[in-house]
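Look for subunit A in each of the two complexes below; its partner is subunit B in the first and subunit C in the second.
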Partner chain A sequence: MSLNLVIVGAGPAGLAAAWSASQSNANITLIDQYDQAGGQIWRGGANYAPKRYQHLFAQQTTLRYLSKTHMLGADADHLFLATPNGPQQLAFDRLILANGARELFLPFPGWTLPKVLGVGGLQALVKGGLQIAGKNIVVAGSGPLLVAVASQLKQRGTIIKAVVEQAPLGQLLRFGRSLAGYPTKIVQAAQSLASLRNTPFYPNAWVVAAEGDGAVQQLRLSNHQIIECDYLACSWGLIANSELAQQLGCTVEHGSVLVDRSQQTSVNHVYAAGELTGIGGEDKAIIEGQIAGFAATGNYHAASQLANKQAQARQFSQQLATSFALRPELRQLAQANTLVCRCEDVAFEQLQHQPSWRSAKLQTRCGMGVCQGRVCSGATQYLFGWGQDSVRFPLHPVSVADLVMESV
Partner chain B sequence: MKQIHISINGTRYHVAEHSNLAAVLMDNTIANRRSVTGEPRMAVCGMGSCGECRVTINQQAHQLACLQQCYEGMEVQCEP
Partner chain C sequence: MSSAIIVGGGIVGCAVALELAQAGIKVTLIERDCLGSGATAAGMGHIVVMDEGEAQLKLTLYGQQLWQALTADQPQQHEYHECGTLWVATDAEEWQLVAEKAAVYRQHQIPCEMLDAAALYAHEPALRAGLVGGLLVPNDSVVYPPKSAVYLWQQAEKQAANLVYGEVSSIQANAVQLSDGRQLHADAIVVANGQRCIELLPELPIRAKRGQLVITERYPNLIKHQLVELSYIKNAHASSGDSVAFNLQPRPNGQLLIGSSRQFDRTDRQIDQHLLSQMLQKAIDYVPALADVRCLRTWTGVRAASPDGLPLIGQHPKHAWLWLNVGHEGLGITTALSSARLLADQMLHRQAALDLQPYLPRGLQQEQR
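== the complex of A and B ==
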C-alpha cells in the first residue's frame, strides 16, 4: 500500500514538496484555503508557478487538491478540516506543513481605518482586481516586501507617495551588500529600485498616525512629514503561521518551527518547509519544500543533494532577520485609546498592565475574536513580550452545526 | 474581460468575472462590517487570516470576502 502524504499549503513550499513527492508512488493530498494553488507569491493560480508545478495539476493521477479548506486542528495521525462540503477527518502517514506566514501588524493611531491594510494584503487585492491606477499610495513598515510591492504598484500606474522603512539606512546598505552572494535576488532588487528612482524613500522613518473620515486620507510620519493618500499599505515583516505546528507538538523557537536537515520537525513524520521554519522568501521555500517532499517519501539521496542550497537559503533568512530587526521606538506608537485587538476592540490601556497573554484573554477578550489572535498575538508579543501558552482547537472559526456533524 | 453582475447591499454592480470580492468592496468604499464598537472595517491581510473582511454571501454569514471570487448572481450583504 502506498504512503498517504498530506501537504498543508499550496504555495511555493507546498508545490515544491508535492513535486518531489510525486517522483515516488505516494498518495498526495494538497490542502489550501484558497480556491487556486499558488499561495501568496504565485497568487492567481498554478499557471503563475514554474512549469514543473503546473504539470502536477495536469496529471491529476497521484495528486488530490483540496481547495477552500481550512485547518481546524490535528492529532498524531489525523487532520481535522473545514471543507466547503463540511468537516472532514483526513488520515496521514506523513505530513508536510507548508502553510506559510502572515504579515506582522503593529498598532498605531488610525491603523484600523478602512484602506489601511497590509503590504502583502494590498498586493493580493490588486491581483484580485483592485483598481489602483492614479491612486496615491504610501507603502510603509519594514522588510524587502515594501520595495517589491511599491515597484509593482508603480508599474500598474499608482502614484507611490513614499516608501517608509523603519530600518536605518546603514543597515539597509549592509543588507544590499550581503545580496552579492545571491545573484537572482540582486537583479530583482535592482529592478525594483530602478523603477522607484523618482519615488521618495524614507529609511529610519515610520508612520506615527493615520487620519481620515471613513477611510484613510492623511498620514503623519516620524520625520514630521504629512502625506495625503488614498491607501496606506503597512506591515512590519512576516510571522510564521505556526499554530498548527504547535498543536501537533512541534518545537517552535522564536516564532519558527525547528527542523533538521531533512526538514523534519521535532515530531516524527511531520515536516515543515518555507516561511514556517524562518522567513526567507520564495527561493528558501522551494528548496525546503523539495527536500521535505523527497525526505517524506524516503528519497534521502535526492534530499541530501540540495543541502548546499538549503544552507545558503537559511543564511539569507538570518540576514533578513538582522537587517530588518524592529526598533524599540515602535513600541511607543500605540496611544492609550489605540485598539490593539481589532476583533474585540480592546485598547492599549486595557492591556498594558496585564501580566500575560492568558490573563489578557480572560480579562479583556483580547485575542478571542474571529482571528483567534492571528493579528494581535504578533503585536502583543512585540509590545509586551507575551507568548501563546497553548493553541486550542479549532484553529479557525467553525459553525456549531459542523462540529456536531463531526462527532457523529 | 467578461463582466458579471453581483448585488451588494441590494444594489447591482458590474464587475469583472473572478474579481476578488474584498477588492470590489474596497474599490467602491463599502465597509465590509462594523466592529464591536461600531467602527467601519475593510480588508486588511488579504489572505484569510485577520477576518476583518467578513460579509454575508447568499445569506451565509461570516464569509471572508478576500477568499471569494465574484460570480454571476452573488448576493453580498455588509453590516450597515
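== the complex of A and C ==
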C-alpha cells in the first residue's frame, strides 16, 4: 500500500512539496482554501507557477486537489476539513504543513477606517479586479513587500504618493548589500526600485494616524509630513499561520514552527515548509517544500542534495527578520480609544492593564470574535509581550451541521 | 482564626475570599493562571435552581438569591441576564416529569409555569415540531463568570486581601508550599481549586467529569430562554460512560452556547470529535435551525464531581486548620456564592442559613494523610 501524504496549502511551498513527493508512488492530497492553487505569491492559479508545478495538475495521476477546503483541526493522524461537500475526516501517514503567513497589523489611530488595507490585502484586491487607476495610494509599514507591491500598483496606473518604511536607512542598505548572494532577488528589487524612481521613499518613518470622514483622506507621518491619499496600504510584515501546527502539538518558537534539516517538526511525520518556519518568501518556500516532499516520501538522498540552498534560504530569512525588525516606538501608536480587536470592539485602554493574553480574552473578549484573534493576536503579542493561548477547534468558523463529522 | 490562604482563584475561591475578607480575616488567594480561568471560564454560567434532592435545591436556590443581590446594582458588570430556564418535554413520560418538577418548585415558592405544546411554541418557535410541552422557570439567569470572579476578587481586595500567582505543590499544617519554593503560612487553609483538589488531597472523593461546549456567532432572535432537555438530569448524572444532553443558552450579546457532554476521568483538552458530533446532532434535533448556525469555537472544561452530586463544604475531618469548598460539578457558578457563605459561617462560627449537614466533607478515603 502506498503512503498517504497530505499537504496543507497550495502555494509555492505546497506545490514544491507535491512535485517532490510525486517522484515517489505516494498518494498525495493537496488542500487549499481557494479554488485555484498558487497561494498568495502565484495567486490566480497554477498557471502563474513554474511549468513543472502546472504539470502536477495536468497529470491527475497520484495527486488529488481539494480546493475551497478549510482546515478545522487535527489529531494525531486525521485532519478535520470543511469541504464544499460538507465535513470530512482525512487520515494521513505523513503531513506537510505549507499554509503560509498573513499580514501583521498594528493598531494606530484610524487604522480601522475604510480604505485602509493591508499591503498584500490591496494587492490581492487589485488582482481580483479592484479598479485603482488614477488613485492616490500610500504604501506603508515594513518589509520588502512594500516596494514590490508599490511597484505593481504603479504599473497599474496608480499614483504612489509615498512608500513609508519604519526600518532605518542604514539597516535597509545593509539588507540591500546582503542580497549580493541572491542574484534573482537583486534583479527583482532593482526592477521594483527602478519603477519607483520618482516616488518618495521615506525610511525611518511610519504612519502615526490615518484621518478622514467616512474613509481615509490623509495621513500623519512620524516625520511630521501630512499626505493626502485615497488608499493606505499598511502592514508590518508577515506572521506565520501557525494555528494548525500548534493544534498538532508542533513546537512553535517566536512565531515560527521549529523544523529539522528534513523540515520535520517536533511531531513525528509532520513537516512544515515555507513561511511557517520563518518568513523568507518564494525561494525559501520552494526549497523547503521540495525538501519536505522528498523527506516525507523517504527520498532522503534527494532532500540532502538541497541542504546548501536550504541553509542559504534560512540565512536570508534571518537577514530579513533583522533588517525589518519592528521598532519599539510602534508600541506607542495606539491611543486609549484605538481599537485593537475589531471583531469585539476592544480598545487599547481595556487591554493595557491585563496580565496575560488569556486574561485579556476572558475579561474583554479580545480575540474571541469571528476572526478568533487572527488579526489582533499578532498585535497584542507585539504590544504587550503576551504569549500564545491554546488554539481552539475549529480553526475556521463552520456551521453546526459541518461539525457533525460522524453519523451518530 | 485571623488569617486564611485560599487555594484556587476561580469563582468559588474568589467568593470565599470576599466572605472572609469582609469578616476581617487576612486573606491570601493563590491562583496558578489568571482569575476565573479554569472551570469558571469553561462553563455556561447558568444560574439555575436544580431539584435533584432537597439539599441541592436549597443550595442552588440560596445561591440564586445571593446572585440576585450581588448583581442588583450592576447587572452589566456580570453580564447578568434573567432569561429563565425552559425545560423541554418530548413525550408523555417527560410531561409527567414536568408536573412533578412544578410541584417541587411550587412547594418552595419558586415561580414556574407549565407550558402545553401551544404555549411552548409561542415562547420558543424554533423548537422542532412534535414536542409535548415544558416547564418555564423564569427566575433562572445567566452570568459571565470570569468577570464575576474578578469582580468578587476586586471587592475582596478592597478589604486588603492579597493575591499571589503561583502553583501550590503541597499543603502542610497551616501552610502551603508553592512549586517555585515559596512557602506561605496562615491559620486556615481553604482548598477551592475544583478538580485539581485531588492533586493536593488525594483522599477526597472527587472525580473529573469533562465537558465540551460550542459557541456560535450572533443570532439574537433564535431563542429567548435557556433550553434544557428534561432527561438532562438522568443523562447528566449517569455514573459512568460518555453522555450528551441538550442544553442551549442565549448569551446577552446574541451568541449561543451549545452543550452539553460528560466524560469521566478525562482532563485533557483534545476535543472528542465523536462526542461533539453526538452533542451537536442532539442540539439540531431539538432546534433544527441550529444546523446552519456558524460555530466559532469549542472547548473543554473539567467539572469536579462528588459521588452524591453535592459539594463538600466545611472542615476536613482530619485537620482542624484545613477547609474544603470543592465538588460543585456542573453547578459551581450557581453554588459559588451560597457555598462560600456557608463555609465562612462555619469558619467564623456564625449561624448558617441552611442545615449544613448534607454538605459537610464526607466519603474521604481513610488511610491517607
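Assume the second predicted complex is superposed on the first by the 405 of 408 C-alpha atoms of A that agree within 3 Å, B and C clash if a C-alpha of one lies under 4 Å from a C-alpha of the other, contacts with A are read in each partner's own complex, and residues count from 1 in each chain.
Following the convention adopted for this analysis, a contact is a pair of C-beta atoms (placed from the backbone, for glycine too) under 8 Å apart; a residue touches a chain by one contact, two chains touch by 3 or more.
The shown structure was predicted, so the numbers you read here are calculated from the model rather than taken from an experiment.
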{"item": "Superposition on subunit A - do subunit B and subunit C clash or fit", "value": "fit"}
{"item": "Which superposed partner A:401 touches (first subunit B, second subunit C, both, neither)", "value": "second"}
{"item": "Vertex subunit A; arms to subunit B and subunit C (CA centroids, nearest 10 degrees)", "value": "80"}
{"item": "Touching partner for A:181 - first (subunit B), second (subunit C), both, neither", "value": "neither"}
{"item": "Residue contacts with subunit A in the superposition, subunit B compared against subunit C", "value": "B"}
{"item": "Touched partner set for A:73, first subunit B, second subunit C, both or neither", "value": "second"}
{"item": "Partner chain(s) touched by A:368 [first = subunit B, second = subunit C, both, neither]", "value": "second"}
{"item": "First, second, both or neither for A:40, with subunit B first and subunit C second", "value": "first"}
{"item": "First (subunit B), second (subunit C), both or neither touched by A:168", "value": "neither"}
{"item": "Shortest CA-CA distance between subunit B and subunit C [superposed frame, angstrom]", "value": "8"}
{"item": "Common ground on subunit A, meaning residues reached by subunit C in one complex and by subunit B in the other", "value": "369-370, 397"}
{"item": "Partner subunit B, residues of subunit A touching it in the complex", "value": "33-35, 40, 68, 70, 102-103, 105, 112, 114-118, 120-131, 214-215, 241, 342-345, 369-371, 374-375, 397"}
{"item": "Subunit C-facing residues of subunit A, complex", "value": "73, 75, 80, 89, 355-356, 358-359, 362-363, 368-370, 372, 390, 392-394, 397-401, 403-406, 408"}
{"item": "Residues of subunit C touching subunit A in the complex", "value": "33-37, 41, 146-147, 150, 214, 216-217, 258, 269-271, 273-274, 276-278, 280-281, 283-284, 290-299"}
{"item": "Contact footprint of subunit A on subunit B as seen in their complex", "value": "15-16, 18-20, 22-24, 26-27, 29, 31, 35-37, 39-52, 54, 62, 66-67, 69"}
